[in-house]
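The following block contains the structure, expressed as structure tokens.
The first chain written gets the first letter, and so on, giving A, B, C, D and E; residue counts start at 1 in each chain.
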């Protein structure tokens, strides 16, 4: 019998998958599964250490769209060339598929995908007499936040990520930067935090979240904001599209029937104003059980799996954002009022052309280079310091510029 | 000094002390209480203290998600295993240092302690590479070795101070009685130092139980202890406080109980015999 | 079976010359007491004999065989430590049996030997107790029991009574003396207690700074000390040393008179003196007096003396009890 | 007991521990030193090259280095002060005859047995959360705005959590030390006319000095490498507000995967720790000997 | 300036009646010694006087004033603890000065008083040392120094010499006696040492189970004990008690004869006995004998007696030294 060791992140969809694996093991009695569930940062650090040192501890790793291109490039991932005949690769959404492929070969299979969008409270908007037509700009968003902000009654104008981290506040701030025409690096790999675009973006960010956000915003990530929104404390929330299924779930959300969705705000441009992300399952090179692992991945990312989830938990809870067919499925569209917005957002995100000016890297809200995690986190901290009021926007930007410059120089980019 | 305690003094001191004590204990109490709430109640304001629907669903869910007992068993094996291995080394070393000291003994002791001041993450990569090459990743044996080495300095220190308190006479008497060195240690030294050894073991079990860096970074599943278990709860999506509390309660309960039972012993252990 | 002979035994700790060289003969069955001021090397000497320390130089022979390289247990000696060094976690029985067990004796032999030792020492009722539950005297008997079961060639005692209170000391002293009379084994006994040395020893060895000052029977040391050190060390209260003309009259540098050999009179005598403090013990009286010529002196008088502070008295040494010393402190015929 | 034979066995018996510890320290340390002179990113294996002391230059000139050094010292120092003073006060309190002293003691020492991760999770979420946390609610009861702990007082929050964990340890040791204070001494001071305050400062406090030394020594060893609390709560931020040396090395090693830089940082940390150690050993050499 | 009076002083610990009721008068300047078996309440009584414990009932008057509600420091007494209770972290100077500091004396006054105390006690050279670096005797002097600087109405000593070795005890005993002669302050001194009690006291208080058995001058207690308890307790070796016909002949239930009041003869005497052990101390000889009629007896003979084990001897009590007791143990005229 083969034992597959699977490293996963501890989010809801993954945990749901763990519970449903009986379906897989009954079909494949000769395969047993061993789960290693970790919090996102810990997971990333564990699997990266392991794959980079060829530790060989895992057969399947849950990895993001950030890792896939880098690792595939290095030859650390086994190509998924044997997913079965009825896997239907072409059903994968193009943006997502591009993000996990190299030379047209799939190196990881997307489990779910997301972009970002705005969730807001219909009831509060109505009360304040605000109507949403078309895509908002950040300036408009700021105005709305001002109107909604009513901390005495426990409602904050807007909730955004504030917790430092390249996958936390920087995911949002990068899209804001993109909207203001900024980019991480110019063509020579020089960081560009000294430009006016970043200044404008960060001014907006600190202003809107610092003044019309909840207290403690600097430690709010996705989960914290979700809690806040679900307990009715946020007027708006711009975050991952997957949040939609949670905020509309009456079991978890007090405001399930008051939520509406729209695209993430633009500023000088809409290019790159919403991010693209997917959690994917990949097989490290050197795994002894590539065949069994492919079987599992095929199962977990298949259309059948979606139906399995739907049959057990309802259509609203299936992992979204990976397959076109899902968004053509009437049952899903009925159960998921957010489906259209999600599809729109994902389709409009392009990892290659995500900035107004040309850029040398791949990724909307990140740059797919090994150094980025460290850089993103450091910059994220500097920006969260600005949000906390510990430094000014200018200071934060020049600190970010300096530290990124150091890292890039040290890494030998110039 | 106790002679003039008035009843009033007794009551007010007691009341004050209890208030302080309960404040200090409050986070743990609150954690346990929250673990019996539903997720919505866990975040509700004002918080509910008793009048909520007590539920075990969080525990059920935690157990469904990850097999608590497997992790707990690993914690026990690692903690006890590393302590036992450590004991063998530490006893011999402490014996030698206490009863056959040389000029270097004090230096050696302090050097041992200073090995504990290095941030482990600084040597993660070398260790990880070595573990990989020796096939020790995710093995209990490998982790037992790491925990043993981490705690060895403290064990040696503690045992050293206990052994120092044992009169040399008695060991000499055993020698006059014809005991060989192993017999001297097994029949005379160890039984006499039993309280000290017990406290050393307890402290090391606690330290090993709570060690969160190596146990997380060198394991995947087979050898993963409760620290890895809790690492999967730190922030899943959705409301999670109640589940988090349940998992936390499960992770700390065994060691908390052990700690409580052994607190008297521990004091001796922790003080390196410094407080008579 | 228990003759011990030290030949030029030397011991240094680092650069500290603790025992510069000792020669000593101890006969089989003898009760030898080592006395001397604190730090003079009594314990060290004993531990050298026991084998707990290595000699730096010289030979230690037991029954004619050099034991320098024998482990302590192999020398056939038993030691009773000042602290008794009982094994606190073992019952009395096991304490006594431990040495036999280590020697691999059979259960029956052990049982028999322990029982008989317990009988000799009146410990039969306590065999199942731990040392912690015994009185000081009982503990000491266990320590002795542990020593005797092994049938040693000799016993070594290092101040075994110094932890006991006065009353118990007297008892234990008598018990050890009795034991020696019964067993007739060689015993070497370290003490700094006058009374123990005087009453127990067949032979006293007086040590000073790791050197043997005099060896002899107790009463010989008392009545014929070889030098001032021994004279002052043996006997309590201490001997009075008087120089000056009185000594010259006796044809020597200094004379020594024991407090009990001074005759007190309120009318006349050789040495006029003033009583500073009179200690009345009922059966006897100690007078701490001050003489103009000789300074502070001590007198020990039998019975009650109706004297108190500031009384003037006269002291006369008993003529045939005077000790005479030359300028180097050596006794003169 | 110093025959040639026993001295030799002594050497032999202490050898295994010293050798394994030496290997445990020396081998990784040796590799670390070697790595610290390489350009070595874990994600770019095979491209390692010798770059001399560049890693050290970068680490030491990193503005984060001084910030984290200051944070480390501040964290260690504050926690020491809080736990020692709090430990003494609580020790004095628990030394009084009070109702249910045994149980109360168990309550007070409980935090010491809690895993650092759990400690951080509980404080961060259940207590310090500015919206649904216990403290926010208490503040609202008093009509005060909720304190946003990890934004406005990040290092303080970490200090509070770490202190909560280590306070019981100090209490445990200091209480025992208090109980070992010779009653005669207090009585003698009473006869000398000293009041409770004088007794505390002239008799009790000096008596505790040795126990305090032990607390300081052991806590320092563990506090220098505080990590889990920071990792779980603030992630070193906002800015560098809660980055200590251990966390800084972590960011190098496991966020940037810059093994070379992390190795240099590790070596610097070792050197710093040893400076602290020497300082402590001076202190303790005196206090632990007698 | 230091007359202390206890009136019906009672002390119970919980239900334990430690002192059922004591009346006692101590005159100014007197040296009073409390003796009694261990646990009889000596320390408790002292602590009651010091104010370290509250009396359960009764009055304690110092110079005619009831001090029941005074704090210890206010009573004007100084106490020297058995353990000395020196402050280990302070120098000798500060140890002695502590009480003065607490009383808020000025630097100059403190310095002067400490220096003069140090001079009296020969501590001048040690003022900068810590207690840990002092010998037992020096420590005791520091403890006394701490007491005398405060000019107390009375000193309280709780077994201050029991931690010292024999030689030092003798010295310190003399020093305290000397101090009392110089200062003429009331002293209350607890001990269980015979010799100390006999030699130091103006007045001995014999306690048993918290009750005063007898109060009197040392020689009075020795020669006229009020009952068997006191008779047996005072004097060493212990008094021999003989019943049977011999007692009847003296018209009482039992007679008591001290070991030093038995005349030894090898030819004839009242009590035939066999020597078990003879201890020769030089100046005197202790005989441990066995008599058919009275069992074990002790004899203390002056000088050297050429006797040893198994010798037959005869003992005769000195007629005028016989103590007579009735069936309740009370002494008869």
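Going forward, a residue touches a chain if its C-beta (ideal position, glycine included) is under 8 Å from a C-beta of that chain, and two chains touch if they have at least 3 such contacts.
In this text, all values refer to a predicted model and were calculated from it rather than measured experimentally.
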- Decide which interface, A-B or B-C, involves more C-beta pairs in contact, and give its chain pair. A-B
- Return the chain whose centre of C-alpha atoms lies at maximal distance from the corresponding centre of chain E. A
- Distance between the CA centroids of chain A and chain B (whole Å) is 38
- Roughly how far is chain A from chain D, going centre to centre by Cα mean, in whole Å? 36
- Message: Can you compute the centre-to-centre distance for chain D and chain E, using the mean CA position of each chain? Integer Å is fine.
- Response: 55
- Message: Taking the mean of the CA coordinates per chain, how far is chain A from chain C in Å?
- Response: 90
- Message: Quick check: what residues of chain D touch more than one other chain, meaning two or more?
- Response: 1-2, 42, 131-132, 136, 187, 190, 254
- Message: Show the residues in chain E shared as contacts by 2 or more other chains, in ascending order.
- Response: 52
- Task: Identify all positions of chain A at which a residue touches two or more other chains, and write them in rising order.
- Result: 45, 49, 53, 227, 231
- Using the touch rule from the top, collect the residues of chain C that touch chain B in their complex. 50, 52, 71-74, 77-79, 81-83, 85-90, 98-99, 102-103, 146, 150
- Residue numbers on chain A that touch chain B, as the complex places them: 5, 7, 10-12, 15, 18-19, 34-40, 42, 45-46, 49-50, 53-58, 221-223, 226-227, 230-231, 242, 246, 252, 254
- Touch list for chain C against partner chain E, complex: 166, 170, 174, 177-178, 181, 193-195, 198-199, 218-219, 222, 234-235, 237, 258-260, 277, 279-284, 286, 288, 300, 302, 304, 309
- Note on the structure: In the complex, chain A touches chain D at residues 41, 45, 48-49, 52-53, 70, 74, 162-165, 214-219, 224, 227-228, 231, 233, 370-371, 373-375, 377-378, 380-382, 384-385, 387-388, 390-391, 396, 399, 402-403, 406-407, 410-412
- Mind listing the chain B positions that touch chain C in their complex? 167, 169-170, 172-180, 183, 187-188, 191-192, 194
